[in-house]
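In the two complexes that follow, chain A is the common piece, with chain B as its partner first and chain C second.
Up next is the complex of A and B:
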């Protein structure tokens, strides 16, 4: 167990280093841009005096390292500054928008994992059957068709033609849970699309591989119940590479939320980042890049820790 | 004969009935209820003096009103102001307010509030230089009167008072809550009050119960909801499913599709966007320094085909820096009809019978790809090889969009009642020190500069227009300093068939009159 803690400590250290590297990158976004960032923020029509005043206000007249230390110091204090465009505290903007995005991405992730694994198992255990072929074609199509197109098509079909789902907008689950579900179905569905098919295909391949191995054949020969063999012995081994894939799919879902929030007009954190980029609101972009990346890094860290529970070799050897 | 006459009378009576029926139905407004609209982007401010974008003007027009307003015929009239008196000899404009106007917070629009609004705009607005650049100071002379003292005469002040500089914000709200609060709260004199907003999601407005002008201009809806739908396809779906009643921000294809399905398309009558091809000529010996070459380029471009084929007929062509039907339009300007042979002849006369190579620069944010490729094709036909130069937004903005040394620039900008100001900033010698279109050009003809400055400082409207018309002729025909590729409408909304705009967008004003938007049965 000691080596497992070492494993966690190593992963934690790596996560902190990654977050540090991201913070440097997020900070440098402004400086890596071509042209004068302050001029870009204020527009071509702004007076030179206004540009200079803004440069001083943003500490951009100071050395780069000093600027970084001021910025990161403020972030440790929970101060992200004020949006240059909306003139609102970035912290309050994040506090307002993050729950919206999480209330869509978390269900999308859960549905992708649960249904992805289930579909993968069904396909593997019914290999070659009609259901296997149907689901495999469906999963391959889901992976290949552009999600944006699917979103628009579903919107027209379910919202415009059949009028069974609202076309857009968001309702908080706290305000009205039933309405939240109605509004969340389409965005969550398009966010799940790619990740669910990737997980299902991975599970199917792994399952087929595992159920043909000697220890499963032996267990079958001993007359153990099929369900016990599949779900107790085979599934654990199937899930180890799937966890890696799930970690990758978190990024995919965060990316999908950008699209979903745009198409379904949801005021979440992903739309805030799009709007901030388009309006040259670099302070907000910096803060959001840091927050979203930290969220992905932490999610990946938790999955790394989960490895230890699924794979005893990691618990015992510390992942060596 | 008798029978025929009886039949004719009967026919006339039947037709009259139909005519009356259709008039009655057209007039049958539904008062009250809710209207739900949407825009493609949200506002960045709620304070009147920070308003800049079309979306901000639309979203905040229910709350704010201007001192001056264009009437249905396009004549500028006092609105919140009772009178505006110009005195060129003493370099002053005197604004006298109507008595009895109140803000939605109950405070009065009086001389103190007006003085504060003017001073605050001059101090804090990002467009202060455009509107109040010629103002020296403001002076309150009585409870309802403020005098604007100018450093130099400026004919554009009345137009500025029809624009954002003429919007009134509650001084009481500012005094009680401070600057930052005002940036997030709209408090005006308009027919509606904003009751809720969720950034990037929606805004809700309800009837202002104490609206000062409710008798003459009653609010047609009890409630307005304005959503943000960034994606055009999603907006189209929302219109088709009747989830929204109107949309601001559609692209040409969407407008074309929905208009053919019976949806209404309304546009402003004063505000337009011009897509100008500007000829850079900072380099000595550049072919573009020769007026014949510039004219050849103008003749080589088929603007009608660009408008029809690339913009689905949703843009239009004007031969000058003004639109027919507006007072700034000059019938004296000839412009350049598409004529390839004439273009080749002019190039030969200029010493370029085989053409030459040049470039057209554009900012990637301008989304003008469709025009760029078409222009490249047209110029190739007369032997001019064009390299298309797409500049990153950051570079384009930080160095100034008109600071290209050689070649041409394609850029769009909005204009309307402020055309004289725009023309002065872009084409007079002031452009060199500012950020005007001819900033980096060596072409700053004295007669054009004189005409533009005379328009700006004219004693009356007629002299202003006379000089502006002359400036148009010089810009286009005489020197061909730029070629107007196509014109777009400055503000356009697409509405459900039962939503009628009788002067909401479809009028001459920059801010919108929400009481002119209504539903019919």
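Up next is the complex of A and C:
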């Protein structure tokens, strides 16, 4: 068990370093901007005195390192500053919008994982059959479809034409669960596109690889039932590498959520990013980059720890 | 038959091995490339010319895909949009591939401090969700075409660096490279004459496969309003514009979306076929 704790400690340290590096990157966003960031934030018409006042309020007159320390210190206290465009505290914006985004991305992730694995297994065990070809074509297509467009088209078909789903918007699951489901179906569906097809293709490849290995052939030669070989012996080795892939998909679902929230006018965190970027609201962008990336790093850390738990080989090699 | 022509023949045989679907993909890709090149010949309309008399005109023999809110011919905008999409994607991929290959080469060949630095940077960039990263870089570089190319190529760096790094690490273990080093052949000669030619096929395949995803990313950013700005025609922003008239003119959003779908899919299929034809061992790896 000692090696496992060493493995966890190593991963934890690496995650902390990554979060630190991301915080530096997020902090520098304001300073990497060509031109005077305060001027861009306040607009060209703002008078010199206001710009100067803002500069002092943001501590921009101090050395860079001091600025970083003040900024990160405030974040530890939970103070992210104020959004210049919405004129609201960034903390309350995040607190209000994060649950919305999570209530859509988490179901999308779970559905992608479950169906991705199922489709991959079906394809591999029916290799070359009609169903395999059909699903493979479907997965390839899903990877090449502009999801924002498919979202709009589905909305047109199901919302405008057939009127079976609400057009857009969001209802909290706490307020009215049935209504939440109705509103969430399309956004969650389009967020599944990328992750589900990637997972399905990976599972299919892994399963085909594993089925051809010696220990499976030996088990077959012993006359063990096919279902036991497939789902007990083979599946374990198929699913372990999928954990790494899931970690990758957590990153890409952030992209999916940017689109889903834009298409269906959902007031979540991702919509806030798009808005802040378009309005040059650096302070909000900075805070969101840090929060979202930290979220992703922590999720990846947990997956890494789980990976080491289910596969002892990983602990020793460090997951390379 | 010469050895070369046999090689070409077997290449073509594997390339078109999957039959109909590859022919269709090649045909569609060719069609859009011709659209992009001959946009001004194929349409008599200026894609940015505003004609309010034709605002939201339905498809007719004059305007085969109708007109948008400002009375701009949708077909003309599709053609010029193809030009913009492909130019930006190809250009970004070239820039991203060259810089990525170079950094990967340095990291893999030199290893040591510089190598570690480059690879740690890659890890860091990958820790930030890719789309978020691209958007932020786009914002920093400015909301214009240059900023978009910069952001797109920056975003794809980690992929190229990692691939090249891995290739160089394994290639330089080969006996003939070690022998060249002992023979005191200059490093640049080893790199240009031996490492790069060996890494080239894999890189070419990755490049082609990246084209499709870059076109997708470009249209996604333009859809979000972060990429190409009005009035320049881009398929992504056309979908976004058409979205406002989804109740009355659904084809305004439908047509550019179908174009993105067809072009991205055909590039993806051609990329897969190229991979199988150049090096079948890469299947499942790339």
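Just so it is clear, the second predicted complex is superposed on the first by the 314 of 320 C-alpha atoms of A that agree within 3 Å, B and C clash if a C-alpha of one lies under 4 Å from a C-alpha of the other, contacts with A are read in each partner's own complex, and residues count from 1 in each chain.
Methods note: contacts are C-beta pairs under 8 Å (C-beta built on N, C-alpha and C of every residue); 3 or more make two chains touch, one makes a residue touch a chain.
Fair warning: this is a prediction, and the values are worked out from it, not measured in the lab.
Once chain A is used to superpose the two complexes, chain B occupies space that clashes with chain C. In the superposition on chain A, contact is made by A:262 with both chain B and chain C. In the overlay built on the shared chain, the residue A:244 is in contact with neither chain B nor chain C.
Of the two partner chains placed by the overlay, only chain B lies in contact with A:271; chain C stays clear of it. By the touch criterion stated above, A:252 is placed in contact with chain C alone, chain B being left untouched.
Look at A:289: by the touch rule set out above, it reaches chain C but stays clear of chain B. In the superposition on chain A, A:156 makes contact with both chain B and chain C. Residue contacts after overlaying the shared chain place A:40 against chain B, while chain C stays out of touching range. Of the two partner chains placed around the shared chain by superposition, neither chain B nor chain C is touched by A:3.
In the superposition on chain A, contact of A:85 is made with chain B only, not with chain C. Mapped onto the common chain A, chain B and chain C collide along 253-261, the only clashing stretch among 163-171, 199-207, 253-261 or 451-459. Touched by chain B in one complex and by chain C in the other are residues 33-34, 152, 155-156, 160, 262-263, 274, 280 of chain A.
Residues of chain C touching chain A in their complex: 123-124, 126-132, 135-136, 138-140, 142-143, 212, 216, 219-220, 223-226, 236, 239-240, 243, 246-247, 250, 253-254, 256-257, 260-261, 264-265, 268-269, 284. The touching residues of chain A, when paired with chain C in their complex, are 18, 21-22, 25, 29, 32-34, 140-141, 143-146, 148-150, 152-153, 155-156, 160, 205, 251-252, 254-255, 258-259, 262-263, 273-274, 277-278, 280, 285, 289, 292-293, 296-297, 300. By the touch rule above, chain A contacts chain B in their complex via residues 33-37, 39-40, 43-47, 85-88, 93, 96, 152, 155-156, 159-160, 163, 166-170, 262-267, 271-272, 274-275, 279-280. By the touch criterion given at the top, residues 41-42, 44-45, 126, 129, 180, 183-184, 198-202, 227-231, 233-234, 237-238, 240-241, 243, 392-401, 435 of chain B touch chain A in their complex.
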